[in-house]
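Two complexes are shown next, each including chain A; its partner changes from chain B in the first to chain C in the second.
Moving on to the complex of A and B:
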């Protein structure tokens, strides 16, 4: 069973930058985990350590109960899809997909069978004779997937494989990758900085910031119970409002310095009221609208309202909330339970 | 018709005229050498270089290619052409192989002083063969390689220019390609042969053209290296034919001219063949 275990792994570059800082996480067999975080938080570095393209400064990686980090990358049973696909430009799609098998001494007939199977799965059969330069972005992406797929690896690693595609194709590939992974049940780690991608695709989500793992859980856990203020602000669009406790008319748990509430949880019917403010700006999205309001104390808030709201700039903003929608954070930015 | 197109059409005949003049300027002397090689030397001495081909063209070329001449009356132009080919190809292939491997080591392997070594190699660009010709001769002589193809080629194949070009090229190859190959189970040798060499195709073709012509045109080194007529190259052969005062006591201009024309053909052929590959490679690769 391909259970991937990272124990306290760190990466320090050139003696100073701590790109990855004592991250521990376990990807269960067949699970699809998304690594999410802002640019430069160490997602790629973490992935590359699993692949063996970076050495570990400290910590340990195990795959299926066996130590992985001492194995050279070519011997790891791990396949990676790169952001820019990294196809071999001089080989055809077939050649690209066959190369790893050839190096492993698989016979020609077996290679043909396996590549053709993968090509069928990815709808590449007609394109096998083409060079990467003769393929569209989405097709290249599929060849890159195919190259990883034919090896039948124990672990799939994806480093932002969809970020070079246009929105429509990205949406389509998102579904395809997920379906493929469900069918094959290959343990996968998927790096992205797109939260929609992460939320919709992943079984579990690892949110990283500045090299540290902030939270690891299912998308809904992370949405409903963010463990840190960073996670709360990073997940959700439009982003969560952070208010000072003095604005709230109710008692809050000990140690709370910031209270978070999502724009969609501020409603006219809420049991408790926020002080009234006025409306500065309205972003109309058709089915809904985002109201930017200003409360006393110059506190800004975002409120999500239905598309037929009929508000105009300058109107008063008078909203309320329910206690169970509040997220309280202490001075360190950690969640305080109510 | 907009202004630019109008201007374009009006100037086209002028442009063409300039280009045609340029072509004539470059090609006419070669034509006249070719035409003149069909006359006997006595005629050329009296009447100068000719514009219309003489009637002895076939005889001259036949004699040049098949009659043994030279200091020892031993060598034909066929042999000289072969020698030049061996030198040109050995020179070009040697340079490409050596400089690719040097660049591979410099770009892909972290070893102490790598960049220092590179700049050291690079600085030898400032030292052409002529500067190191005496020590090179001494080394080759001590190794007993005078009058051999090895001695003719090997001392010339270290190439700072080639190393530099390949280094720049390898550095432009995306790192992910190397990483993908590593994950695909390719070791350093496989990566070089399976990936790096094929994607350098255009670079190799371009360098081959240049290096073949340079090798073909080597004069000083073969002159110094070879005392045996068996190793005379054609470029050196032209000179010796012109100097070779025969029974007639007149330099054999017709033979010299014929040799010059023969010496031109292979480099032209190489340029034509590899240019096609070169352009095809450019169109195919998209990095």
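Moving on to the complex of A and C:
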């Protein structure tokens, strides 16, 4: 079975930039893992190392129990969807999808069947004779998907395949990709820097920062129990509030230097109160609103309230919280258990 | 590279300003190309006496003489062979070199300015270099080719040997130009497209033929047009510098014959007719290339 195991892999470019720093990660067979992190944190590099387009400085990659990093890229049974599609501009959509199969000795008839199947799935049937330059962005992206799909690889790698699409198409493709992957049950790694994409699509989420893997878990685990302050700040929108412990009226675990609490967990009914502040700004989103408040010692907080809140700027902000919604972090930014 | 897909869609606007901008170029073309061409065309219908005192309108007599001349036919044949060989070799060798260098350059950029130096070689300079290299007195290649034989290689007497000198000189000059264009073409191929191909096709040679070469086709087509006209016309400079007193009999091209008949033989009418024929041939060739080959070229 196609279980993908990365063991302590690192990539150092030109002797200095540590793009990927001792990452260990296991993607179970048929699992869909999203790789999330800010720009430049090494997501693409990690993906390219799995594909074999980048060598490993150290570490090991195994696929289905066999060493993968010593296999040349063309012999790995891995298909990649590139961020900019990377379609062959001189070939039709059909040619693009058929290319890999032709080179792997699949017969003409079998190629036709497989490409047409994929085309049907991706609603490309009418477009098979077009060159990439005659396709729209979304159509190109689907051809790129099709090119990976027809190979029926052991592993799918997606490098921000939706980043060039408009919001509506992106939402639609998100669902399509996920359904497709569920049907085919192909082990997949999906790079993105869009947390909504990551949260909604992934079985498990790997959050990276500066080349390191900060946390690896299900979307809900990561939302509810962020392992580091970075993960806590990166996941969730609007972002988590970080307060100094002195503002909180309750005892906190040993070593806590920062306390995090999400805007949606600050409520009027909360058991414990924060010092009252006043409202500086209100972002109205219709179904809800984000209140920007200022506490006595200039501490800013965000509070998420229902859309019918009727607050105005200058009103007092008097909110409370429940203890189990607090996230405590130590001086190194690591989570401290309560 | 031009973008014909775009060019084809361009509508001519009606402002005079664009024409003003191209006027200097038009003037240069007019004075140095159109006017002499028309003059050659006119002269090709006249028979002029060697002193240029009188001339006589003779209709197509000059053309008929040329086509009936067995000498012209053999020069025609060797020019065709020469041009094909020069074009093929100078593009082929440049392609080979550029592919090798492209592999290196993808990792390091600092050589790139150095590579463009080679561009500035004029045909006459290439001819001079060839003349020295193959000179019986001081030429290392002359010595090397003749090593162990008693005068096997004699480019001053033997037309085949002379062709070798002319072809190698002409090719040598043109490789650098082709190299730069091909290298630029290779570097313009998106890296991710090649990477996608790397995942899709294990065979490096077939990857080159099915991905790299087609994406290079616009460059190669452009070079084909340029190189054929170079081989037909500009190699005159090489021939004339390698052989200031003329190549051995049987080693001349059509352009060289135009020059010899016109300026040395003082047959202005015949020489003009030859140059008109030459122009028509190259024009036709270029049109054929655009009609048939360009269709198969994919511009991105």
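Note that the second predicted complex is superposed on the first by the 338 of 338 C-alpha atoms of A that agree within 3 Å, B and C clash if a C-alpha of one lies under 4 Å from a C-alpha of the other, contacts with A are read in each partner's own complex, and residues count from 1 in each chain.
The rule we apply is simple: a contact is a pair of C-beta atoms (placed from the backbone, for glycine too) under 8 Å apart; a residue touches a chain by one contact, two chains touch by 3 or more.
Computed from a prediction, not measured in an experiment: that's the story for all the values here.
Novice: Label the relationship between chain B and chain C on chain A in the superposed model as either fit or clash.
Specialist: These partners clash in the superposed model.
Novice: First (chain B), second (chain C), both or neither: which does A:207 touch?
Specialist: Touch status of A:207: no partner.
Novice: Going by the contact rule set out at the top, does A:79 touch chain B (first), chain C (second), both, or neither?
Specialist: So A:79 meets both chain B and chain C here.
Novice: Answer with first, second, both or neither: which of chain B and chain C does A:51 touch in the superposed model?
Specialist: Once the two structures are laid over each other on A, A:51 reaches both partners.
Novice: Given the touch rule stated above, what does A:89 touch, chain B (first), chain C (second), both, or neither?
Specialist: In the superposition, A:89 touches chain B and chain C alike.
Novice: Does chain B (first) or chain C (second) touch A:162, or do both, or does neither?
Specialist: It touches nothing on chain B or chain C.
Novice: Once the shared chain is lined up, is A:222 touching chain B (first), chain C (second), both, or neither of them?
Specialist: neither
Novice: Starting from the residues of chain A touching chain B, keep only those that also touch chain C in the other complex, and list them.
Specialist: 51-53, 73-76, 78-80, 82-84, 86-90, 99-100, 103, 131, 133, 147, 151
Novice: Please give the residue numbers of chain A that touch chain B in the complex, ascending.
Specialist: 48, 51-53, 73-76, 78-80, 82-84, 86-91, 99-100, 103-104, 131-133, 147, 151
Novice: Considering only the defined contacts, which chain A positions touch chain C in the complex?
Specialist: 51-53, 72-76, 78-80, 82-84, 86-90, 99-100, 103, 131, 133, 147, 151
Novice: Touching residues of chain B toward chain A in the complex: what are they?
Specialist: 174, 176-177, 179-187, 190, 194-195, 198-199, 201, 284-287
Novice: Which bits of chain C are touching chain A when the two form their complex?
Specialist: So the residues of chain C touching chain A come out as 5, 190, 192-193, 195-203, 206, 210-211, 214-215, 217, 298, 300.
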